[in-house]
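Shared chain: subunit A. Partners: subunit B in the first complex, subunit C in the second.
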Partner chain A sequence: MNWDWSAVGDFMPHFWDGLLITLQALVLGSLISFALGLVWALLMRTPSRWVRWPVGVVTEFVRNTPLLVQLFFLFYVLPEWGLTLSAMTTGVVAIGLHYSTYTMQVYRAGIEGVPAGQWEAATALNLPVTRTWTAVILPQAIRRVVPALGNYVISMLKDTPMLMAITVLEMLGEARLFSQQNFQFTEPLTVIGVAFILISYPASLLMRALERRLVR
Partner chain B sequence: MSADTPLMKEPGADPSANPAVDGSELIRFDRVTKRFGANTVLDELDFSVASGKHVTLIGPSGSGKTTILRLLMTLTKPDEGTIKVNGEYLSHEERNGRLVPAGEKHVREVRKNIGMVFQQFNLFPNMKVLRNITEAPVTVLGLSRDAAEERARELLELVGLSEHVDKYPGQLSGGQQQRVAIARALAMRPQVLLLDEVTSALDPELVAGVLDVLRDIARTTDITMVCVTHEMNFARDISDQVLMFDAGRVLESGPPEQIFGDPEHARTREFLGAVR
Partner chain C sequence: MTSGLWELVLKGIWTTVQLLVLSGLLAAAVSFTVGIARTHRLRIVRFLAGFYTEVFRGTSALIMIFWVFFVLPPAFGWQLVPLWAGTLALGLTYGAYGSEIVRGALDAVDPAQVEGGVALSFTPWQRLRLILLPQAVPEMIPPFSNLLVELLKGTALVSVMGMGDLAFSGNLVRLALQESAEIYTYILLIYFVIAFLLTRLMRGLEKRLKAGVGRVPEPGVSQRELRRPETTGVGGGAA
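The block that comes next holds the complex of A and B.
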């Protein structure tokens, strides 16, 4: 095995393209998972079991089937039903949807962690239910779960290479393409491995610091 | 009291002109039963409180005192019987001449008249002191932010915490938090203030400050108070009437001099002997 710095140099323009796509997928996927997870968590708290039951079944299904299967399903089956999305859009939606079934559990724990006394005080002050949620319960619940949500973002980062399977050229996709064209595997794969560590390790340190500050 | 009337009594005002202090019945429990599983906490309880009065509920723990406050605050519902506040059913409403469980709208309307201070303060930790007090007046009573803040500052002065407006509850001592909680309840201008063992969670040296504030409020306002406490001296000072509870029923009731000085029942004497 020979390390060839010139191969690294040749790969770098492709690397930056791939990094940009990885980060875009990560940011959009995170936003979708944060928003949708909160929607699931709130729907699971409605009094009507006609809402809770279907939401429970769907989210349980999504959580317990592999992301890769979901990616293929959305990418190859949806067009047969007349809904054609770009590979990137499909990937972002799949990651966001998949991770929303995890973030919903994080939110649930956060909501249940708000002491009953907070609900009682809100009742005693006659606050409307929606106001109780937006002004009292969610600010406290979300503050507590920021570190846990952050940890899922790091997991999501490490799942972005799966997008390669539906032709999205994120970091791994770029590395593979470069390798196959140039027959140099070591350099591009090492570069993206280092890139993953350079992003995820500081991020996990940040989450630990946040945990010390926010979760008391 | 409506949202516009001042909290403090007008000096020299004719008390009979104010509907809040005309001595009419403000709270009425009618054969109220409350069970938790197999345990009957309140057993066909009847009692009433006249408006403007200060009533203290005493008795051994588990005798149902706190449950009465929680029923009044609609934090829990009676299993049987009815509760009226200001002549309105609390957990029921009349529909086509029949008494049915109250809808949210009805409950909110009746609940407007009631405020509560909790043993654990229950301030909102995500809001500064000022916003803890202004939140409900703005969103529930529809006060402007300025009017609500002015009211909050007056109340903070009343409870001696003017310099803490911009702090978070976590930065205050337990006694200070409880005084903020009192101000927060008063900001809604309730007719009835429910006090649920408000000093029980406090360090001993902080109790006096909170009780002094409550004595002040009892003396200077028309608010009806229903109070559960183990502070017998405080109960003696502020109460017009003391109700001794045992096993979900009122064992005896009367003015504090009678209950504390010359109780009728041996059970009451025993209880008072134990808490002193």
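The block that comes next holds the complex of A and C.
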């Protein structure tokens, strides 16, 4: 095994570029998944089965099929339908959509975890439906699910390398490009592997600490 | 789509299924070894097992795959057949997630059960085999079922390395037909059907195992959602 520190030095500027793209994709993807997941979770609680059933089927489908193939689908099929997005936008949308089907379950568990007395109190106080949700149920539900959502953000971080497959130059994309130009595979791949551990391990410790504080 | 192209897709399904079975077996072996090691009485064994879990859960499965394909051959001087390289990368990564499931289920067994084993002067191995595992394994099945679906989704990653699995066959058909909506819809549907069958299979297994220890499967999963450890970052998702 021969390790070449100068290759690490040469790779570092590309690494920082890649890290920036990875973090951008992560933040935007998380925001989409948080918002869309809440929409799914609320739609699943509507009384009409004509809403619940299609939403349930679609989200189940998205959750049980590979993100990679969904990326290809969006990347190659949307232009055929006349909607051309940049690779990065496609990737962010795909990650956000994929993970919204997970965050939806988290929200659902959080909403179901709100004690029935809270609902009854809102009814007794004659609160309108929107106020019941925004002032009583969601603030309690979301507080409980913050750590679970955070765990999905960590999962999303570990899925961002897939964006490389649709030409986004995030960390793995940069590493691959660098390797192919310089014929040095060991250093860049190891650097980004270690970088992922260095980011995700403290993040998961943080989530565990949050869980102890917020979820009782 | 012509029959020749369908043949390509069938080959892809076969490769995906092979990869799923092999890496699933490796992941199960790793899960139990590492998960049980994490409950060992020696601190050093617990530490090493925990270190393994954190390292393999910390990185992305795709990076592991790249590592096994590109770094391992020059570093150690041997090259793996793509199928085995994919199996190794996926099995080790998903095994790390599985080890958390095993550890959680072992921890969840009532401590009085182990004390009972001690009182009857069972050896540690007998306690594990006759008391802990029969009660813990049925509890592991629902999270393992989720992990198996994640593993199925993870197998698509090997297509990035040019291995001819289902996702790769989709790309080939797209290049051949210059048209992508139809083939990718089929590919997604096939993955969905495989995932559905896996879930069914695991549910049947859960029923049988729980009947063996005199319990019935819980109907709801809602409360478990919040408490499950971490998800498989590799394919995301519910572990």
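Just so we're on the same page, the second predicted complex is superposed on the first by the 216 of 216 C-alpha atoms of A that agree within 3 Å, B and C clash if a C-alpha of one lies under 4 Å from a C-alpha of the other, contacts with A are read in each partner's own complex, and residues count from 1 in each chain.
By definition in this document, a contact is a pair of C-beta atoms (placed from the backbone, for glycine too) under 8 Å apart; a residue touches a chain by one contact, two chains touch by 3 or more.
In this text the structure is predicted, and so the values were computed from the model without any measurement.
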item	value
Contacts of A:161 with subunit B and subunit C, given as first, second, both or neither	second
First, second, both or neither for A:117, with subunit B first and subunit C second	first
Which partner reaches more residues of subunit A (counting touched residues only), subunit B or subunit C	C
Partner chain(s) touched by A:140 [first = subunit B, second = subunit C, both, neither]	first
Partner chain in contact with A:127 - subunit B first, subunit C second, else both or neither	first
Subunit C-contacting residues of subunit A that also contact subunit B	none
Footprint of subunit C on subunit A - complex, ascending	1, 61, 63-70, 72-73, 76-77, 80-81, 98-99, 102, 105-106, 108-110, 112-113, 144-145, 148, 151-152, 154-162, 164-165, 172, 175-176, 179, 185-186, 189-190, 192-193, 196-197, 200-201, 204, 207, 215
Residues of subunit B touching subunit A in the complex	73-75, 108, 111-112, 114-116, 118, 120, 122-127, 135-136, 139-140, 184-185, 188
Partner subunit A, residues of subunit C touching it in the complex	54-55, 57-64, 66-67, 70-71, 74-76, 149, 152-157, 159-160, 167, 170-171, 174, 179-181, 184-185, 187-188, 191-192, 195-196, 222-223, 225-226, 230-238
Interface residues, subunit A side, partner subunit B - complex	115, 117-118, 120-121, 123-128, 131, 135-136, 139-140, 143
